[in-house]
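The next part holds the structures, each set out as structure tokens.
Two complexes come next, and they have one chain in common, chain A, joined by chain B in the first and chain C in the second.
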Partner chain A sequence: MDAILLQILNGLDKGSAYALIALGLTLIFGTLGVVNFAHGALFMIGAFCAVTLQRLLSLSHQVEVPGQVDFLGNPLMADVPYVTDWFGEATGNAIIDWSVPLAILLTIPVMLLVGYVMERGLIKHFYKRPHADQILVTFGLAIVLQEIVKYYYGANPIQTPAPEALSGVAQVLPGVVYPIWRIVYFCFAALIISGVFAFLQFTTFGMVVRAGMADRETVGLLGIDIDKRFTFMFGLAAAVAGLAGVMYGPINAPNYHMGMDFLVLSFVVVVVGGMGSLPGAVLAGFLLGILESFASTTWATTTLPGINQIIIYLVAIIILLTRPRGLMGRKGVMED
Partner chain B sequence: MLGLNKKDTNLLLVVLALTMLAPFILNPFPTDSGLAQFNAGYPDLMQRFAIFGIFAIGFNILFGLTGYLSFGHAAFLGVGSYSAVWMFKLLSMNILPAIILSVIIAGLFALVIGYVSLRRSGIYFSILTLAFAQMSFALAYSVLTPVTNGETGLQLTLSDPRILGSSAAADGSIPVTNLFGLEMRSAWDMAVGPWTFTFSAGYYFCAIVLLVAFYLSIRIFRSPFGMMLRAIKSNQTRLNYTGLNPKPYTLAAFVISGMYAGLAGGLMAAMDPLAGAERMQWTASGEVVLMTILGGAGTLIGPVLGAGMIKYFENILSKINESVLHGWFAFMPDGLEDFFVAIVYPFVGKGWHLTLGILFMLVVIFLPGGLVEGGQRIGAAFRRKGKKAGGAEAEAAKQQPGE
Partner chain C sequence: MSTSRFTRRGVLKTGAVAGAGLALPTMFTSRANAYVNEPTGDTVTLGFNVPQSGPYADEGADELRAFELAVEHLNGEGDGGMLNTFSSKALKGNGILGKKVAYVTGDTQTKSDAARASAKSMIEKDGAVMISGGSSSGVAVAVQGLCQEAGVIFMAGLTHSNDTTGKDKKANGFRHFFDAYMSGAALAPVLKNEYGSDRRAYHLTADYTWGWTQQESIQASTEALGWETVENVLTPLAATDFSSYIAPVLNSGADVLVLNHYGGNMVNSLTNAVQFGLRDKQVNGKNFEIVVPLYSELMAKGAGENIKGILGSCNWQWSLQDEGTKAFVKSFGTKYGFPPSQAAHTCYVQTILYADAVERAGTFEPCAVVAALEGDGSSLEGVDSASNAGLVFDGLGNGPTLYRSADHQCFKDVLVTKGKENPTSEFDLLEVVEVTPVDQVWYEPDHPMFAGGDLGQCNNGA
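Our next item is the complex of A and B:
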């Protein structure tokens, strides 16, 4: 029983990342009808926002340590971050320690801006073109974004540790220990997902967007500028992907191709959930994450060697062939 | 000639001339000059031009004609490589049986994957092929280690049986790949003044295979079968209404393009007898998509051009480092020199993928027909300038899709 619970917990953190990315992909697809292959790159940019903030906060200057000399007899120098100068020793160190959660504040405006620029500058011109062209241009954009990040941050993974207080393990149930940060990540994901759903469900803006998703033309005829709202939704989707990336840093050190790694799987998740269905994307994300973690147990890998590597793809193939609309796909959305 | 019309014959002759004279054409700079780094006339790179040309031609038969965008074609290339290396291990170092086997195995593999994937179309087809390719990659990397040798990649060893050949060469080393005794790595250097031209057996073998592959693709493009594939691309629903089942045709196109990929994989192993799982990764599939689109999907010559261009830039741009750049801009005043180096540097060397990505985006945005369309537009602009009266003719030329 404990083992099963542990596997479910293990699946939840990866599943949260899948669900968040898939949610963003579906938001973009459902509103604008664009298949965005650059979404993984947005996830990666989010993660690198945390890296950037961490570097900014640790910017430091050298000061002499009074009364101490190094082995050459020169006065000993120590790096002192500017934040500790400004806020005092304790607060400054705490700020640096909490840089990953703080990066959320940086990520939201950055990602909204990135999303806005992307939609207005590039995607806008591709609504009328075939899906293959959209895939290709966003694929090209993903390469470009990834290479830019690689140029500035190098090709090696960069550690972004979680705050000290959240980095240990916790006793979830008697006999089951689990890293705290993964629990935090899951709660964070749940919060964002419910936030997005609440926004769509309970605000006037969200209502208009949902109407636009159902029938864009009619909403336009009612005199509502739906394009503007959809542009915002693109920015929102980018922000969701970015937030998924920021908080994922402590689980897996960010590197420039992490987006590509997640992208393929998130597309599979979207397809399994049903193109254009938001609840489907979230459900499929968590389901596949949990399934993957069950497939990685020793029992599964000894019975069916390699099952942990291919389970997601296998499920996707079966779903696509037997239930073409996915788990919760609507009728008439990209039927073939 | 050979059942081609005049235009296609000319195209084939141009490609023939280009491939046969490639060691000269690609080596325009004297060996000891500063520009020698732009030379591409060395066997390894020329072989890659030909091999990826074949790969892209095959991909184009599927994507260019039927419009089905496969994101998993590298799987077939990988399978071809593995089967060729196994042939070298078990049978003999002759490349002919190895290549034949890799084509057959890749074809069978494509038949299975295609049969399943082609039940859906559009984005779903792309995702299905992607899923299959990633599955093959994951399996080759982990569970199938007895067959694929996992992370290390499949290599030849001295203890391989090679029942029709010998396990070891006379001097105790691993024998090299050959075609009935003609070693693939043998090469002949010709020195003309400051120039050195290398003629490699391996390259000429690849070039001949490329020519055959190119000829076959022309025949496919012009055949009733090719017309059928185009009909599938332009309107599948209408095709269904006329009582035709497009399924067998798309499946045939998928298998043919899979066999082309297998051929490319087999050739790759024939030139360098090892095979690794990374050849099957989806980024490798993405690369062939880039090549085809960059050159011009649906055109005959486009994919070959695209493959050549990407491989050329991959090799040449990635060799340029900071000191080479400083050498170029040395004639400028210091500050200006550093400025230009700083601007150009991100795009060359390790950053050449950035150039590739930007180029690719520009092509998709402004030139959906790829380089071929670009060439046609330039040609049409000149013709229009040449004779204003013959505008109608230029219009007619523009109506013809690029082929």
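Our next item is the complex of A and C:
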């Protein structure tokens, strides 16, 4: 029973990342009709916002450590972060310790800007082109972005640990412990997803966007500049992917390739959920996360060797065969 | 009436002269191609095939730094590094056999097909006489096979699978790096001292050649201590989040987790294991322990704080205090500003060993170089075995070392290392807790974990 609960929790936090990325993908597809293969790269850039802030906060000057030498026999120099000079050791170290949650403040404007530049600078030129062209150009962009990150940060993973207070494990049931940060990640994802839905559901801006998603031409005829709103939605989707990335850093150390690792899975999530369906993307994200978790258990891999590697694709095949529009896809979307 | 001016004798004479004339260039050509890529000018080209893209690009970059340094030292530039401490004095700092050393590089991408393609290009287009480098056993086995077919020497880089000099060994291939069996044999006594002989181990294993051989080796050596193996779970190489593999460990009754992972896999699986509180857990009345049998400096850096106190093994460490290591660290550190990794060390050593073998053989001919690397049948002290024969050398950072002629594997002491609790700098991440003597990591060439292969005949490629 404990093992089942643990795998459900695992599935939920895996599913949180899938759902957040798939939500952004669906927002872009639903509004602009673009299949964005660079979305995984946005997730990765978000994670590197945390790396960048951590490095900025850790900017240091060097002081000599008396009586110790470095590997070349020169006096050993220790790094002393400026923030500890400015705010005292305890406060300075606490600021560095909380760099991942603080990075959220940096990530939102950075990702909105990245999304805006990406959409206005490149993707808008491909609206009327076939999906194959869109896939090619966005996939190329993803590779360029990850190579840029690799050039500046290297190929090795870089740790962005959770704050000390949110590290370790919490007892979720008697005898069942679970990492605190993973619980935080799930709650954070739930908050972001609820926020996006509330924004679309309860604001005028959101109502116009939803109307545009349903019938872009009619909304345009009413004198509303829907393109501007859709550009903002691209930025919002980028910010959601970025936030998913920044908070994911303490779970797995960010590396330049992490976006690609999630990209294909997220597309499967979107297809299973239903192209263009926001609730479908979220539901499929969590569902596939849980399925993947259970498929990785020793029992599953012993009974069906290799099932952990194919489960998601197997489900996608079954869904596409039995319900081509996905779990919650609208009739007519991607069916022509 | 007409008379022919052709006579039988005249035709035969003319034919013989013409035949000799036609054969002459061929004779010269065949002399010029006594072996593949025979250097004819005043330079000789070496091919360094390392991951320049992909997840091991940082390790590849460090290997390239070491190769550059080795070429500098061979050409008489810089401070000479380990040429000054190397027991063989055949190298004079004037290139190899008087030819200046040049090099070309290829990108393995840590993919076997890409690595073979780049090695092939360096051999066929750039005329490389030797290929070296790499950060993966899959790549090493693939490139070694290619070099054997092409008739050039392969001096393997970082490859730890038993198969490289086991079932996939080749006459043209040589490995300086240690292997999975040696890791198991070196770690076992330390594990017994630190954690006792009554332990239950759970293995997570990367699902490819290196992972399998390492798991098999560690399981064999820990079971010989009296440990029980609870489970071995194969994890996909592409896995990033290991939480669903870690969660079952919590209720498995195991009190040790062995992570047969390397690179990004190891960084993620160790991070996940620490997240799940395994290191603070008590099982069977004992502290739960994690073991990472193969360490690298870059992995340790990637794993950060999580590595502290965790045992593993290394081929070499920059903090060793022998003269060879000190000379190499000084050269490398002065040129690049940080200490070298073990991948860099093995690549540097392999280049020097190749150059030394050519110098001693007096030719670049691959089969002569193979014979020189196989040595004169000398033996390592302290190892009583009929297969203890080959090339013995010293002064390259690992103490007395044997390049065993039977399988082209180097035998030397193995380091057991531990993640440092209080590192003094970003490079000071691992500490050596034990230097396991070579006789404890020795095995015979026909050991079951290495069986099934055959060196075959060396190939000159002509």
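The definition used in the following text is that the second predicted complex is superposed on the first by the 319 of 336 C-alpha atoms of A that agree within 3 Å, B and C clash if a C-alpha of one lies under 4 Å from a C-alpha of the other, contacts with A are read in each partner's own complex, and residues count from 1 in each chain.
Here is the rule we go by: a residue touches a chain if its C-beta (ideal position, glycine included) is under 8 Å from a C-beta of that chain, and two chains touch if they have at least 3 such contacts.
Keep in mind that this is a model prediction, so the values were computed, not measured.
**Q** Touching A:Tyr313, do we find chain B (first), chain C (second), both, or neither?
**A** The first partner, chain B, only.
**Q** Could you look at A:Pro81 and tell me whether it touches chain B, chain C, both or neither (first, second, both, neither)?
**A** Touch status of A:Pro81: no partner.
**Q** Would you check which partner chain A:Pro163 touches, where first means chain B only, second means chain C only, and both and neither mean what they say?
**A** In the superposition, A:Pro163 touches no partner, neither chain B nor chain C.
**Q** Quick check for you: in the superposed arrangement, does A:Ala3 touch first (chain B), second (chain C), both or neither?
**A** In the superposition, A:Ala3 touches chain C alone.
**Q** Using the superposition on chain A described above, determine whether A:Val144 touches chain B (first), chain C (second), both, or neither.
**A** first
**Q** Answer with first, second, both or neither: which of chain B and chain C does A:Gly242 touch in the superposed model?
**A** Neither partner.
**Q** Output check: A:Gly280 vs chain B and chain C. Expected answer is one of first, second, both, neither. What do you get?
**A** A:Gly280 contacts neither chain B nor chain C.
**Q** Figure out whether A:Ala253 sits in contact with chain B (first) or chain C (second), or with both, or with neither.
**A** A:Ala253 sits against chain C, while chain B stays out of touch.
**Q** Per the contact definition in the header, classify A:Gly329: touching chain B only (first), chain C only (second), both, or neither.
**A** In the superposed model, A:Gly329 contacts neither chain B nor chain C.
**Q** Return the residues of chain A at which the contacts from chain B and from chain C coincide.
**A** 150, 155, 309
**Q** Mind pulling up the chain C residues that touch chain A in the complex?
**A** 54-58, 231, 233-234, 236, 238, 240-241, 243-245, 247-248, 250-251, 264, 267-268, 271-272, 275-277, 280, 298, 301-306, 318-319, 329-330, 333-334, 338-339, 424-425, 427-428
**Q** Which positions of chain B touch chain A when the two form their complex?
**A** For chain B paired with chain A, touching residues are 67, 69, 116, 119-124, 126-128, 130-132, 134-135, 138-139, 141-144, 282-283, 286, 289, 293, 346, 350-351, 353-354, 356-358, 360-361, 364-365, 368.
**Q** Where on chain A is chain B touching in the complex?
**A** Per the stated touch rule, the residues are 35, 122, 125, 129, 131-133, 135-137, 139-144, 146-148, 150-151, 155, 260, 264, 267-268, 271, 275, 305-306, 309-310, 313-314, 316-317, 320-321, 324, 334, 336.
**Q** If we count contacts the way the header does, which residues on chain A are in touch with chain C in the complex?
**A** 2-3, 6-7, 10-11, 13-14, 65, 68, 70-72, 76, 78, 150, 154-159, 161, 167-169, 177-179, 181-182, 251-253, 255, 257-258, 261, 292-294, 296-298, 301, 308-309
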